[in-house]
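Think of it as A, B, C and D in the order they're written, each chain with its own count starting at 1.
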Amino acid sequence: MKRSLPLIFAFVVGIIVLISEFIPHRPFNQIVSTLENWFMIISGFAILLGQISLIRMNANKIANRLPDWQYHLAGLVSFALMLIFGLLWGMQETPGLMGDGQGISAYLGSKPFDYLFENAYMPLSATLFSLLAFFIASAAYRAFIIRGFESNLLMITAVIVIIGRTSIGTMLTGWLPESLSFWHIPNLADFIMEFPNSAAQRAILISAGLGIVGSSLRIILGIERSYLGGDK
Amino acid sequence: MKHGMVLVFLFTITILCANSFHATDSPWDDGKAIDLFWELSPMTRQVSIHRLNENGNPVEVHKSTLAEGSFTDYGLEANTHYQYRLTAYFADDNLTLMADSNTREQWFFLRKLGFLLLLLIVSCAIIYYIRAARNGNEFFIRRIAGLDSMEEAVGRATEKGRPILFVPGISDLDDIQTIASLTILSHLAERSAEYNTELIVPCRFSMVLSAAREVVKEAYIKVGRPDAYKADNIFYLTDDQFGFVAGIDGIMLREKPAANFFMGSFYAESLILAETGFATGAIQTAGTAQAHQLPFFVVSCDYTLIGEELFAASAYLSKDPQQLGSLKGHDFGKLMIIVLIVLGVILEILGISALKEFIAGAVS
Amino acid sequence: MKLSPVAERRIIFTVLLFAVALPLVFPIGWTTEISEYTRIAYRLIEETDENKVVIISFDYDPSTMTELQPMAEAMIEHAFKKNQRVIATALWPMGVQMAEQAFDKVCSHYPDKERGVDYTNLGYKVGGMVTIQAMGRSLSDVYPVDNQNTPYEEIPMLQNVRRLRDIAWISSLSSGVPGLKEWMMVARDSYQVPVTGGCTAISAPGFFPYVNEQRQLHGLLGGLKAASEYESLIGRLGSATTKMDAQSIAHLLILIFIAIGNIKAWHGKKGRQQ
Amino acid sequence: MIQIMHVFGIWLAAFFTLSIFSFLYKDNPFYKFAEQVFVGLSAAYWLVYIIYSIMVPNLFAKLIDDFSGNIVLLIPATLGLMMLMRLHPKTQWLSRYPISIMIGTTAGISMLRYMKSDILEQVTATMINPFSANTVSGVLGNLLLIIGTITGVYFFYFSKKVEGIYKVPSKIGIWFLMVSFGATFGYTVMARISLLIGRLEFLLSDWLHIIK
């Protein structure tokens, strides 16, 4: 019972969604419309759940004094600060429980939530991924060694695209006459992107798409049920 | 002067006679559209169509310079009466025509017939093959280059007396790539148990950790070497993305594994793994369905399972009817698509686009 | 001289740092060419009538704002120039803040543009593809209020906008899932609304098959280069353009690294063979 | 005061930026600290936005304004609460109901949308007359597009031995994939460099005022 009813739910809901695509008559489109609005609310709770479990996990690490617990404590403190600021005074145009907090905004220049967002969240988030620029540079030097025909093909394309998408490409072959404009590196890079690249990406899309159709079908029919978790 | 009057009169007559404007419900749809058609005198300079709201306020829905044309007004309410006003502008005159219609919802979207048929064909094929696989039918799956490397890698590790490193991706157990990765791990563990080579598996999530331990232990028992199984070699590192990779980097530099396997879902950090592994001179095999990360694996690994190959390898090794059947069903779909494309291209060259329109559905 | 891998790495890091920083301090002013895909996107907005309502969806967070924020600003400015009315939405919560920042910046050049009349920020909604599908049926069900808590019905520019079909074009600036792909799948392929957009350079190759004969996507802006192309199309010297010099130099440097690495590997191989 | 807080904010941002960059030297306490702060802020950000942009307007405000008119919203609200039951091991099974509804809806919608956008539309986009282009490069491109798509799909076809004549399309397919991976590689380099430029611009202009 604990397992079969959810499977029936998934089946019914999935089938109604499928039917409503092809049968435009009521009641199907109305049911699906209601379902879509519910979906949004339930997903809201799902995200709530995800964030709460994350914080609970961190709190456990602190409670059990696991290695690096001090850093997790810093994480927890920043979580609490941001949450309280957000709930009390809201963010940007949205008022919070205590209104817009004009007093504190006058002091900070913006709402406290936005202040933290701009001066802590934004630089952290943006910097984390910019680290990869350095790693790509060192990988370029140490790992991108041409070996077989296939990796040659990859590297040659990469070089054309890397040059073609900058001003260097424009300067390098800008002198070519109109009749040879195909060989102008930016044009060549665009050609590669538009045709061979699109073809390969399309093949990937098609085969991955079939995979998604297949796994969705298995979920609706109840063949695939791993999402329900272990047998209990 | 009289002459002129007659001319103007005749002119007006021709304009009035030739002009028509009518509205009908768009057939075979959800009742949210009305088709509008007009045929006006060729002198028409501009046409503007307004829909009249319940309170009589006009809303412009279409503008055109064509004397003869059609337009579909979408986004209406089903089963409702709508009125339209067309204004045609001539050189020094204009003309107003009215038309009305009801929207009606029907029981089928005719323009989606091709979509429905193909969806049904693919779905039926998948269901058919899963059933066939469950009934014990054996299916052929082609050789996958990356899998052959396993023997070579284990052999090399045994020879050098160094361990094998297996990274099951950085996603949790809810990602099918992680599941596929664990199937491959099971196979690799059997080989390494046979040759008595150490197998190191760092994990990012506790769920993956317990699953990986289970899988490896089973494999060791299967080949009759439960004593050789070391639970400590399969361990949790950290769930921080970059921290996890930095940890594996450290392992590669310290232990210098003879063979590295990166299977599963990888993101931006793939590059760091592949680079360090390459620098330590290990035989590297990678497999992921994350298209953005494949280039880095292809350049720095000896073998790469590309996209779907990862799932095919897992189906092949596990012999699980559900996986095998689905794979066969997808293969049927691929064959169908290849045939459709070839047929479509030939027809297009001949100037026939019926097939294309049938599949695409007459686009509004 | 033999360097340890760690030392080698640190040298590479330092060189890259300077290669990027110097052109920022001393700009060169190189020009770039405009690719066709950027033009297609530009034409879609250019050829849309005045007073039409359009959606720009902010489906990214600050981690990719260097690439996507200039696109957002340029597209808002373009729409403002053509007197189109802009709705900002976000499938990522951080997108709401990104949208506010973009509006603040563009509105400083267009002081007469008024919130609620010329633009509005409907804010973040969870749910990706399913939510977009719900917008196709009713926008006010999904967005009962904007981010100032003004009810949907009371926003002047939305008086005649009930569902996605009433939108002239949609542009999603996207750095992952959900984003451009979901908008294209639902808004374009299901509701036939023209969709264009911008994405990070990483995901651009995967989006190219959609810019096809059927125009699943009306053009595509891929990465900082495309953002600078768009800026030059609307005649604005924006933040993307000033960064292209650094980009070019860094690309050159990466190619040099690849070359040196290969020469070194080739030498090593020859050495071992002898 | 605003001025001081503004400057303080920029120094805070610079501190976090440099803390993350310090990872390039090696993993260290500054990096770990900055990272955990990021995790905490991010979780709080999501929570606040879920509450103010979903829970309040789409659920609570509707229920408070007009309870009897929106009584049906109690169903998703209950399902949502059942989702939260996952936090406790004893009541975990309750979450299966909302999950199954979400998964069922997603499965149905993605099945339709992927079939349409990634399969049918891609197939029809490949059904082109290659000779309709008016330049040689256009015809060549169209031919490459058709051949590449077909051989690419064939590469992912697993039911046939790759031997003799069947090896040819598979091989061509992989060449196309390699070209596309090369393009992805090039574009990735571009993206990563862009992000670094963004950060350096912040450091050099907002923080150090070297760039005006």
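Points worth noting:
As a convention for this text, a residue touches a chain if its C-beta (ideal position, glycine included) is under 8 Å from a C-beta of that chain, and two chains touch if they have at least 3 such contacts.
Keep in mind that this is a model prediction, so the values were computed, not measured.
Common neighbours of subunit C and subunit D (chains touching each): A, B. By number of C-beta pairs in contact, the leading pair of chains is A-D. Rounded to whole angstrom units, the spacing between the C-alpha centres of subunit B and subunit D is 14.
Between the Cα centres of subunit A and subunit D there is a gap of 2 Å. Look at where the CA atoms of subunit B average out and do the same for subunit C: the two points lie 22 Å apart. For the pair subunit A and subunit B, the distance between C-alpha centroids works out to 16 Å. Under the contact definition stated at the top, the residues of subunit D that touch 2 or more other chains are 23-24, 32, 35, 45-46, 50, 53-54, 58, 105-106, 109-112, 114-116, 119, 121-126, 128, 146, 149, 153, 155-156, 174, 177-178, 180-185, 187-190, 193, 195-196, 198-199.
The set of subunit C residues touching two or more other chains comprises 5, 13, 16, 20, 63-66, 94, 96, 123, 125-126, 130, 133, 142, 147, 149, 202, 204-206, 209, 212, 214, 223, 225, 247, 250-251, 254. Across the assembly, subunit A contributes residues 21, 29, 36-37, 39-40, 43-44, 47, 91, 94, 117, 121-122, 125-126, 128-129, 131-136, 138, 140, 142-145, 150-151, 154-155, 158-159, 162, 165, 193-194, 197-199, 201-202, 204-208, 210, 213, 215, 217, 227 that each touch 2 or more other chains. Contacts between chains leave no pair untouched here, as each chain touches all the others.
Note for the complex: subunit C touches subunit B at residues 5, 49, 160, 162-163, 165-166, 192, 202-203, 206, 214.
Only residues 1-2, 5-6, 9-10, 12-14, 16-17, 20-21, 23-24, 29, 32-48, 50-55, 58-59, 72-73, 75-77, 79-81, 83-84, 86-87, 92-93, 96-112, 114-115, 118-119, 122-123, 125-126, 137, 140-142, 144-149, 151-153, 155-156, 173-183, 185-190, 192-193, 195-196, 198-199, 202 of subunit D touch subunit A when the two sit together in their complex. Residues 29-31, 78, 105-109, 112, 115-116, 119, 122-123, 126-127, 130, 174, 176, 179, 242, 268, 271-272, 274-275, 278-279, 289, 291, 295-296, 298-300, 307-308, 311, 322, 326, 329-330, 333-334, 337 of subunit B are the ones touching subunit A in the complex. Across the complex, subunit C is touched by residues 29, 33, 36-37, 39-40, 43-44, 47, 91-95, 114, 117, 121-122, 125-126, 128-129, 133-134, 136-138, 140-146, 155, 159, 162-163, 165-168, 170-171, 186, 190, 193-194, 197-199, 201-202, 204-205 of subunit A.
Interface of subunit D with subunit C (complex): residues 24-25, 45-46, 49-50, 53-54, 57-58, 61-62, 105-106, 109-110, 113-114, 116-117, 121-122, 124-125, 128, 180, 183-184, 187-191, 193-201, 204, 210-211.
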